[in-house]
Amino acid sequence: MSAPQSVLDRWNACGWYRLTGLEVIDANEVGSRFRMTVGDDHLQAYGTAHGGSLAGLLDAAMGLAIIARLDDGEGCATIEMKINFTAPVTPGDITATGQVVTLGRRVVVARADAMNADGRIAATALGTFSRFTDEGA
Amino acid sequence: MSAPQSVLDRWNACGWYRLTGLEVIDANEVGSRFRMTVGDDHLQAYGTAHGGSLAGLLDAAMGLAIIARLDDGEGCATIEMKINFTAPVTPGDITATGQVVTLGRRVVVARADAMNADGRIAATALGTFSRFTDEGA
Amino acid sequence: MSAPQSVLDRWNACGWYRLTGLEVIDANEVGSRFRMTVGDDHLQAYGTAHGGSLAGLLDAAMGLAIIARLDDGEGCATIEMKINFTAPVTPGDITATGQVVTLGRRVVVARADAMNADGRIAATALGTFSRFTDEGA
Amino acid sequence: MSAPQSVLDRWNACGWYRLTGLEVIDANEVGSRFRMTVGDDHLQAYGTAHGGSLAGLLDAAMGLAIIARLDDGEGCATIEMKINFTAPVTPGDITATGQVVTLGRRVVVARADAMNADGRIAATALGTFSRFTDEGA
């Protein structure tokens, strides 16, 4: 079970992914893998990546990990997420992985981690998603 | 007690605020007020605002509400935040407010809400921040 | 709109409320009010109230605030909650209030605060609940 | 690195663990293992375990996983936690495991899962803790 390339392409082409340099590399039954290139555009006033950029990365990593486990024509929406910021992120490449924790018929729980270039966890998230029929698919 | 205009200007000029169209309007002892213009760049593949854009807005709204309450030369960093997405957000202006819940000597708890143009709550957050001496200020 | 006394009585009689000294005082359209008497049974090894006792209090305060807003025969289940512990709690009476933030057709978001005897916020929570038809009502 | 039996004994003897039937089995560098016997005292009005009982279990599982990694004479306090309830829990034995995610000098992030008798995840948590010198140790 794996998200088809057309689904990954569709997400990689969306506005937010392009704006923030977010890319889904793959998404299958094991989980999702993402990459984001952090540049000056991601920084807050103290010179490290703004929480919104990392929240976007981990929301996406959880979402695609879930989509890879859904039936054709289904989608998911984030009900809520919690994210811990555990190390400052400076410009450069950051990676992330997402996994499904529990896959319910209506509600799905997932988690995701973002890793700095040195492999250290920079942020970790736990989120809740609803499943829906994706009429736009 | 109010954050001086120079502090607001500094934040409004940072990369992330400019990238995502985020603007702090004011920040004082009552709380912070923000505005964000949602455009196609903020959308995910289903056509509504990506969670990262709203997480960025509410992280910022909590952060500036805190900064307005700190001493000169102090800053704050987001330890973690939780955000609920309660209504879909489509292109247009969205506003947000942030408030301090408890102001500890080391740890501060804050919350924030984002409102659609019709005044409906689109997202709500509760976050934890650490205080630090902002040597870059 | 207010939860009838029979509903409050039903909750006040349940095992967990009795075990932990939890009592719902009222629950109406404004929100819920709770009281809990913290004794030695609530303490962890450092001598202050265990997080579980406060999580139980705030989960309950959110839940009953929601129930007061539902239709007859409906109930709610906690999907998830986040709780910040902002001040240590020692033996004595603690109070809590809960409010609905957004009341969706399927998902409800609520928040709650616990206050020490001096009125200081000891814990604050934000949670997500699902509505269901309460066949046992 | 492992928490000495005297530390486990101290926690197993505290009021909250005894009140709610919570027991730490071991805690070492890999993580912690807990057991809780759910009885009628743990139930809410719908007949399944109250969220507070599971929040207590997972708060404890995270806390002892951290204590096993701290220096002698150090303790930890829960700053905040988020818990997802993923399956109803009925009377019987439930187990839990806790792990440290990131161990900072001041702030520690941990997570924990609770498992029903059939091995299914009943609740999952992600929490933030502060380290302190435990003068009572």
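Observations on the structure shown:
So that you can tell them apart, the chains are marked A, B, C and D in the order they are listed, and the count of residues begins at 1 in each.
As a working rule, a contact is a pair of C-beta atoms (placed from the backbone, for glycine too) under 8 Å apart; a residue touches a chain by one contact, two chains touch by 3 or more.
Only a predicted model underlies this, so the values are computations on that prediction, with no experimental measurement involved.
With respect to chain C, maximal separation of chain centres occurs for A (centres as means of Cα atoms). Judged by contacting C-beta pairs, the busier of the interfaces C-D and A-C is C-D.
A separation of 21 Å divides the Cα centre of chain C from that of chain D. As a whole-number value, the distance joining the C-alpha centres of chain A and chain C reads 32 Å.
Residue positions of chain A touching 2 or more other chains: 79-80, 82, 84, 109, 128.
By the touch rule above, chain A contacts chain D in their complex via residues 82, 84, 86-87, 101-102, 104, 109, 111, 121, 124-126, 128.
Listing the residues of chain A that touch chain C in their complex gives 79-80, 82, 106-107, 109, 128, 130. Of all the residues in chain D, the ones that touch chain C in their complex are 10-11, 13-20, 39-47, 49-53, 55-57, 59-60, 75, 77-85, 134, 136.
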